[in-house]
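Look at the two complexes coming up: subunit A is in both, with subunit B in one and subunit C in the other.
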Partner chain A sequence: MTAGSKQAAPGMKTYVRPIGSWWLRNSFYRWYMVRELTCVFITAYAVILLWGLMRLVQGRPAFDAWRENLASPSAIGFHLLALLLVTYHAWTWFKVMPKTLPFISIAGHRLSDRTIIALGVAGAIVASVLVFLAILLSILQAAP
Partner chain B sequence: MKRSNKPVFWSLFGAGGMLSALIGPMLIFVTGIAVPLGFLLPRETMSYDRMRAFVQNGFGKLAVLLVISLFLFHGLHRLYHCLHDFGIHVSTVLKAVFHGLAIAGTIACIYLLSRL
Partner chain C sequence: MESREPRTDMSASSTRTIIIECLRFDPASDSEPREQAYRVPFTDDMSVLEGLQYIKDTIDGSLTFRWSCRMAICGSCGMMLNGRPALACETFLRDFRPGPVRIEPLSHFPIIRDLVIDQADFLAKLESIKPYLIPAEDKSVADGTYLQTPGQMDDYYQFSQCINCLLCYAACPQYGLNRAFTGPGALALLHRYNEDSRDAGTAERMPIVNAEDGAWGCTLVGYCSEVCPKAVDPARAVNVNKINSAKDYFLHLLMPK
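Our next item is the complex of A and B:
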């Protein structure tokens, strides 16, 4: 709830209960927080790509400088961490899919939760392999 | 009653969540680790000429736009929910700022793509 501000009369002060580090209380909360914080990495990754696109518009020296930065240890470190966290995001995304999708029935049988999760994970593996192969093929085609 | 804009932003959040769950890790691996290090893929995979050629065709433009825009909508939507978890009150203004940033990023992306 984002309450407070919406319900209180304008100018009226409402008591806001301070919340401490509640996410440290147990491992369920901790993993919830890890999942929520994956969004920082997804956002940052999108910004890095957008930045690269801008450098691409600016011309060859600018773009090459951006690529040079990508090879720096801190950039590699960031991407390694992002890889880990976004993979965790993917796993949690598929894990809740039975709850976020509407019921799917095939021939009168509802798809089980396990099937939906398995389909999600399989879909991600297939999509990722296809992306990698497409990139690899484009490179092989270019080579004489 | 005023119509809520929640379904719109939630759909974009969901689309970004799905896209990043399907290919996010692979994209990060390719553009952030494999290519910069020349590991499994040559560093020239993301050369200036190849990247320009990629975004000069319609498919490449669409792919870049979908990834950047939907990742932003997903990430920024979740980020403002995170603020609430940390005890920061999320006002309507702050919410508009986060969605506005995603919209601004999308517009910037379309503008940049149109220049290529």
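Our next item is the complex of A and C:
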């Protein structure tokens, strides 16, 4: 019996099962753990990016060396994996978004969870496309 | 008492058998739970609860479990069915064909005997959230009732559907890891009263929400809402209260009591 928790009768004999590896119990928990583990890859990605910023401050040769390292197969593999995981994380984030909001009513009609999720996903896609286009445009403009 | 045996009109062709594996625990003789398997004949319309009743009536009268209404209203027969928290009365044996079905008491709760768990911890939490209307001012009967529009009722209605079956607690690893966590069910009911336009007890309930073991004990696993038989969506109630808790915190920074 865990200290502090109530009991039906004082001194009553009960059996408390150990919780053990609860995250392996079902697929719902496993996907939850994948969601939580994505933070490791997202952090690693951010650290690599910050490292690049530091190399940029150190001058052109340092920055070029950093970029060259990024072109290695392992770095590309890591970034693809990080992209996949951050995409999954984004999806889970939008999936639980309605649960983090008070009910929203427009003209007396409650916005359904599906609508909120769809709006979030659509917003993320639009923002991603805009960022991608902006990068593409800047690359094209920089090209001789 | 009505018959709890499978219907006698069932034809031999529609009767099949399934193995039900039960976790058993007798506090008088067992130091830890053991397993016992029963072969149970069943028809397509038999619930898991009816399977257990068949065992108790015809095979082993010592098998202990809670049940009452048989129609997902009383919240008594929550148990782990093949590892998933569910009400035994609204789950069909046919869905586990060819079997076996593994039945255990609700996870995270102390076992009193066989499939019966000790819910005292939850009941204490339920009491702590003041699960009743606390009106701003008392009205006498002569003053009439507290009125409410359908729109105001919508704000809390789904959270009021909780039947205290504790499936959400069995689904919540945070409760399993930390029994001090107020947990999904009690927090959903707390939200139900705070959201009621007739209630003015929010200030009394916020300390429970704001506590480390209140809304912030939740990491949004979300399985509670998945297993809830009444679509209460406790994960929503808990997580909306993280916003309420943050608002409450800043409000008190700006306007200390």
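Quick note on the criterion: the second predicted complex is superposed on the first by the 122 of 144 C-alpha atoms of A that agree within 3 Å, B and C clash if a C-alpha of one lies under 4 Å from a C-alpha of the other, contacts with A are read in each partner's own complex, and residues count from 1 in each chain.
We adopt the following convention: contacts are C-beta pairs under 8 Å (C-beta built on N, C-alpha and C of every residue); 3 or more make two chains touch, one makes a residue touch a chain.
The shown structure was predicted, so the numbers you read here are calculated from the model rather than taken from an experiment.
Contacts of A:Leu137 after superposition on the shared chain: neither subunit B nor subunit C is touched. In the superposed pair of complexes, A:Ala75 makes contact with subunit B only, with no contact to subunit C.
Once chain A of one complex is fitted onto chain A of the other, the partner contacts of A:Phe63 are limited to subunit B, with no touch recorded for subunit C.
Between subunit B and subunit C, B touches the greater number of residues of subunit A. In the superposition on chain A, A:Ala90 contacts subunit B only, with no contact to subunit C.
In the superposed model, A:Ile19 makes contact with both subunit B and subunit C. Applying the stated contact rule after C-alpha superposition, one finds that A:Phe28 touches subunit C and leaves subunit B untouched. Look at A:Ala122: by the touch rule set out above, it reaches neither subunit B nor subunit C.
Residue overlap on subunit A between its contacts with subunit B in one complex and with subunit C in the other: 2, 4-6, 16, 19, 23, 36, 100. The touching residues of subunit B, counted against subunit A in their complex, run 14, 16-18, 20-33, 35-37, 41-46, 48, 50-52, 55, 64, 67-68, 71-72, 74-79, 81-82, 84-87, 89-92, 95, 105, 108-109, 112-113, 115-116.
Subunit A contributes residues 1-2, 4-8, 12-17, 19, 22-23, 25-26, 28-29, 32, 36, 96, 98-103, 105, 108, 110 to its touches with subunit C in the complex. Remark: subunit A residues 2, 4-6, 16, 18-19, 23, 33, 36-50, 53-54, 56-57, 60, 63-64, 67, 70-71, 75-76, 78-80, 82-83, 86-87, 89-90, 93-94, 100, 120, 123-124, 127-128, 131-132, 135-136, 138-139, 142 touch subunit B in the complex. The part of subunit C that touches subunit A in the complex is made up of residues 25, 27, 30, 32-33, 83-84, 107-108, 110-112, 118-121, 123-124, 151, 154-155, 173, 176-177, 179-180, 219-223, 225-226, 233, 235-236, 239-240, 242-243.
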